[in-house]
Structure formats: structure tokens, C-alpha cells
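One structure follows; several queries about it will come next.
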């Protein structure tokens, strides 16, 4: 089999698929990078409240032109806007919201996710790499549901959903669902369930491709 | 010697004496009861900021008439007023101010104070007594300086400044100065110093009366 | 559209079951959610564990709940007051369990419960009978007591204004335990003097963000009566 | 009359000694007290321990302080950014000690320092390399890591408005670490966009009560430039 590194879904498709699973009224934190793109696809008929770790609920879209205010940034330090009903708070309160389990969903990127829900997304472990953790570990253990959005394979063809993470961990057993370009995987006590497979592959083919024991929904 | 239970200073005198020792700019918490009376004697030429444990800095005098607002009470649940520059905060922040050592002075009543600065002011230890601690233990250990204001003797003539407290403790080694109707006592590493004696007694007489080893300033 | 507004205090409390742990806001009467407590009394459940700073004043509110025999245990800092006769009688009769907690430790335990902190070392109460049996530790030359977080099934609190998202502001010293309890309870129920439109509250001045509030009910701006004494 | 107002940033920082621990507010550039950092750089002391969420952006502010060799150690959560080249070089050369702390743990440690809590059990980082060597404990079926409070000799923060008593309000997400650091430092120094009269700030909306602030200096409403990237 040739290395297939990209599945049927584009990154925008993946973001749209995650957005579909965010229900009306949810309090949601979107991580830096690909997760941020989810905000572009939140259904307009659902009222969803975005949290940013740097002290805000009710975050609106990225600021453009005159809207740009250097005191109003998201976690990626991009200028954003404020929606009606927003509130500001300091960092201890903001991370208390995470750690205390008040966020319904957080969406994170990942280097690897294990079949038991371990998350590795903060550090490659490379000797020369400068470590930077930010809010990753707090987000990983805090939200009621942790969604990971990532391509299933690295550019080199290595599967990122693994039996055991080789990268340094961000959190243990914390991931609930992994949204990839091939499928949506739920991490359950009975193993990994491929809840939804995109494109033409069957469950057996996906299991072979990933080298994992998978079951269907 | 006959039992002498009351010294030269009245309770108002004692409160005035404490007030004299509160410097310009101090953040001060006045406990329930006699300590509250200190506020009546704060020098008008000094700006002193009063904290109340139930979530306020910048507390003003007791409210009268139309000023009475059931949402604006002091720790004794008496309606009070708000001064310009006041602020409100929740209980965790309010007690963080105490515990974190931000208050300059708190003034407390006491059943007993020991010569090493232990404080007993929350519970008589009586079997049938219903315990109630409130903020007493937080105040005892939190302020930069803890002043106790109390009559030196009980009505039965027992000295309340003692070598070891017989009542249950509120805090250990926490009292700095004891303002009584007989004298002002500083609790120091070298023992109890009678910094100021009121009326006609000499140091030796006061030592005999109290049964304590005292030194002069 | 999100709306956490419920029509009545009775509706707001109707799923509180027997045996629930319920935090109730207020310092004395300031911030006491009188209408919610009355609804809880009317609702009729018992065997409750109540977390409040006090243990009831006079014969109404929390005192009435105690008097009706609905409370198994109370966790508080200052039960004895000039008008705490209902508590006093039950306690002396051995009909009510009391967990006495220093006020700042009570506040911090509730805050920890809301913030996902399991336990913390505090200097308060070290060397006193209220630390009996508790783990202690010397850290950087000072002695501390280990205290665990407090959480609850429900919180009943009183705020001044709120919007349909559950954002709340308070009035003066009626704020006290409200924001903490809202964060520490699975279901936080707020009575407010006035419900306002979304956007009417200044985002810089919101004290309890809506994420902490599950239900709110407008009780029409009634202010409680002040009581004197401790 | 109390006045915590000082005439200039230079005056505000002039007693910061060599070897001091200095907390510096800001999340990236929002809330970064640029003028105070510049004054600290000009002041010339070194061997500093800095607590900040990041480790400098570009070549100004905190990055300039690092670049001038004034910092011995930095305690932060997210040093590596697109424009953290000064930090990166020093770190790789072994000329700067790094204590990496998860952002929420950093915030909570500072808050604990201000609130007199010596240490706390947090679930964050359990089972990761950032908990290596730390005490852990299972509490009610979940695993936690013990983390100690952080305090500092000085805090440099940026607020929006302040009065002579030191009461502060912030603007939007520039609030971030400011209120926490003010509470955790022996001497908290705030630069504000505008000094207002006592009584001008709404007591319900004051975020940092003056008790936490020792000095404030007006820097004239300059807003920092926004930077993009992480």
C-alpha cells in the first residue's frame, strides 16, 4: 500500500464537522491553530459562547479594520471582537473555569492521541526544542468534553492515533473524540469507535491503514 | 489586695488609645464589639481605610435614617455607609486580603491573650456553648499587626493576659499589642513590655496585679 | 436562543432531591435568596446538607428550613447569633449535625470547589481545635492545615441584575458568597431583582459570568429587611 | 491624604534591587507594562527573576530586558513564540534558567501567593513531565499534583484607570495577570492610561482594590501595538 497522508476531508471540512457537533448553548474553547478555524463554521442558528483563556467569555470573530483593539486579543494573540453578553475576568478565574469543569467542550490540535485518550500536543520532545506549554495542559484536563481535530497521518505517513503516545503527554485519558480527515473516532472504555468514516474506505481498511483495533458505532 | 476589675481607662478611652496608634494610610479591620468602637475615634486628619470581612474596603460610619441599605452591612450585620474610593468583592477575595497579609492592622476583642501572643477569642470551651468562629481565626493570623482591645481583668478579677490560655485558641503567637484599661502591652520575643501604663500604678505593681513578668519600654 | 430564565422560584427548585447538598448565599440577610429558600421549603424535600455562612436568623428563610426538620447537616462559620434560636434548639437536641469552618476557609473551600482545586494548605486554624485531626505541614517556616474543596449539587444565590445568559452583578456587600457558590455547584440558581437585556451589563463589571449559572428567576426587586446584631 | 501616585516610571522602579523577583503582567503585548519595563531596563539592575506568561516578543519590553542580560531566571508558561528570538538564543546558550509552568497553574500559584495559601493540589499536568519530581495525591478518585504559591518582591502591571488610593480597572483582555500579580507582590507598581479622581471608579466594578497597589504612574493613555502570532 502506498503512503496516503491525506484523507477525504480538507481542513475546512474537518473544522465544519467539529462545528456540527457543538450544540446550542455550549461554552466552548477553541485552541490555537486548526481548532480556531472551527469558529468559521459554527451554525448561525445556534447560540454558542466562546471562551478564550486570556480572560473572556463571549468572544466574537476576528477583528478587522477599525475593530482592532490591542487590548482585545484571543489566545493566539490575534485581535478579536466582543459579542453582546460578553464578560472579562482575570487569569485565575479563567483557568478556574477550565479546571473546574465548567467548559462544555474544548477543541485542541494534537501531535498524537492514544487509544486510551492520552493527548500529546505541547512538545515534540526534541532535544533542541524549546518547550512551551501555555494553557494546553489545563485545557486537556478541564473541559467536560475534549475534542481533538487533526489529520490522521503525519506528512511522513505515520498514524497520529496510536496505542501509546511517543511524544511527551499533555494529559492522561482526557480525549473524548478525534475528528480527522478520514473519520470521527470516539475514545470509549471499550476501545476506539469509528463513529463516522468519510469517503470510500471501510472499517477494515481503516483499521489496516491505522494499525489499530477499531469498531463501528 | 482587693479585686480590682476595672482600670483607669474607660472603654471609650481604650478605643481612643487604639485609634491613636493607627497611622495615615493604614488598611484596618475592626472586629465585632468593642473593636468597632475604635472607628469613632479615628483621627479626622488621617486617611484610614476600613475593611469589612463581608466584602468591602472603604467602609464609612454606621448608616442612619435614609442611608440604611439592607445590602450594605458590616461584619456585625449593622447597616453602614460607603466612602468615596470604596470597592466591593466576594468572600474569597476578602479573606485572601486577610490571609495574604495585606491588612496593616486588625483590632480584635479577646477572652485571653497569652504572653507569647496566643489569642483566645472565639469560644469559651463550655460544654453547652454553641461554637461560632466566623472570621476570627482568619483575622488572627492574617494582618501585619494584630491589636487586641480588652479589659485586663474579667468581672471576677481574673487576669486575661496569661502565661497560657485556658480557653480554646483562635491563633498561635499572633497578637502584637494588647490595649487594656490599665496599660498597653507589646508582645515581644523578649516577653511582655508594658509600653504605656495608665493611672497611678508602677510597673512592679502591675506585674504583681497580673502575676506576669513585665518589663518597661 | 439560550435562556436560563425560569418563571418562578418554585420551578427553579423543583428537581432538588432529598439528600442534596445545597449551598445558600448570604451573610446574615444580605444576599440571602429568601424567595428560593421559601420555594425549597414549600418543595418539601429533606435530609439536606446546607452550606451557608450562618445558620438562620429569626424564624424565616434558612431558619424556617431548619425548623421544619429538612436539614440533616449544616456547614457554616457562625451559627450562633442573637436570633439563631431555631438552630440553637436543634443543635442542643442533637438533631442537626454541625461542621464548623472558619469563614475564610469556608470561602476558600467553596472557591476551590469551583476552580477544580482539590485541596489547599491554609494557615488559618493551625493549632486550634478546628484543625483537630487534619493534616498539617510546615512550608517555608510557617505551619499550615490541609483543607479540602467543597462542592454542591445546587446553589441558591441572590444577585441584583442578570441576563438570559446568566451573567450576574450584585449589590454592595450582598455579593459575599454568591459568586463562589455559583461556581461550586452543579446547578446554580440565582434570584435577581431584575432581569435585563443581553448587552445591558458592562462586560468589565460582570461578577459572575453566565457559565456558572444554570437558572435565574426574577423576584421583582424586593430588598430584604435589615436585621441588627451579630 | 493618601497618594500612591508617583511622577514617573523611573521613580516607580528605582528601588528594585539586583536579584529581585519581579512579576510582569501581560499576555503577549496586551496588559504588558511597557513603560515600566523600559524604566527597569534603564534602571540597570540585573540578576532578576522574572515571572510573566511569555518570555518577550520582538526586541522591546521584556525581550529587551532579556537581551541586556539582566535576567537570571524566567518563570513562564509559553516562552516560544514566533518573535521570541531573544529568549530562544539565551535559552539555547544556557544563559537563562527557565521554569516552565502550565498557564493555569502559573495563574493559580500567583493567586495563592496573594491569598496566603501556601500550596494546592491541581489536576493539571498530572502524569506529564511538568509534574516530574512533584508530590502527587489521589483525592476522591482523581490524581492531583501539589504546587506551591508564587510571590514576588515587585510586580509591574498595566491597568486602564486608577485613583490615588490605588484602585484599578482594566480594559478587556489586558486584565489577564494584572490583578493576581498585584496581590502576590510585596510592592505592586501599576502604570495606568489615566488617573481619575477618588470616587470616579464604580465600587462594584473596581477589579484591583487599592490595598494591593503601592504605586501608580500615569503613562498617558498610550496603547500598545498589537502583534500577531502565538
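Think of it as A, B, C and D in the order they're written, each chain with its own count starting at 1.
In this section, contacts are C-beta pairs under 8 Å (C-beta built on N, C-alpha and C of every residue); 3 or more make two chains touch, one makes a residue touch a chain.
Note that this is a predicted model, so its numbers are computed, not measured.
*Asks:* If you tally contacting C-beta pairs, which comes out ahead, B-C or A-C? Let me know.
*Replies:* By number of C-beta pairs in contact, B-C is the larger.
*Asks:* Which chain's mean C-alpha position is the greatest distance from chain B's?
*Replies:* If we average the C-alpha coordinates per chain, A ends up farthest from chain B.
*Asks:* I'd like the Å distance between the centres of chain A and chain C, where a centre is the mean of that chain's Cα atoms.
*Replies:* 35
*Asks:* When the C-alpha atoms of chain A and chain D are each averaged to a single point, how far apart are the two points in Å?
*Replies:* Result: the chain centres lie 29 Å from each other.
*Asks:* Can you compute the centre-to-centre distance for chain A and chain B, using the mean CA position of each chain? Integer Å is fine.
*Replies:* Result: the chain centres lie 55 Å from each other.
*Asks:* Considering chain B alone, which of its residues make contact with at least two other chains?
*Replies:* Residues 82, 88-89, 92, 95-96, 98-99, 142.
*Asks:* Multi-chain contacts in chain D: which residues touch at least two other chains?
*Replies:* In chain D, residues 108, 111, 115-117, 122-123, 170-172, 203-204, 207 touch at least two other chains, as defined above.
*Asks:* What's the complete list of touching chain pairs for this entry?
*Replies:* A-C, A-D, B-C, B-D, C-D
*Asks:* Taking the complex as given, what residues does chain C use to touch chain B?
*Replies:* Touch residues, chain C against chain B: 27-31, 53, 77-81, 84, 87-88, 91-92, 98, 100-108, 110-111, 122-130, 170-180, 207, 223-230.
*Asks:* Can you check the complex and tell me which residues of chain B touch chain D?
*Replies:* 24-25, 27, 47, 49, 51, 57-58, 82, 84-89, 92, 95-103, 142
*Asks:* Going by the contact rule at the top, pick out the chain A residues touching chain D in the complex.
*Replies:* Listed in rising order, the residues of chain A that touch chain D are 32, 52-56, 68-73, 76-79, 82, 88-92, 94-96, 98-99, 123, 128, 130-138, 141-142, 168-172.
*Asks:* Which stretch or stretches of chain D touch chain C in the complex?
*Replies:* So the residues of chain D in touch with chain C come to 108, 112, 115-123, 137, 139-140, 142, 144, 148, 169-172, 202-205, 207.
*Asks:* Once bound in the complex, which stretches of chain C touch chain A?
*Replies:* 1-2, 111, 113-117, 163, 165, 167, 183, 198-199, 201, 203-204, 206, 209-212
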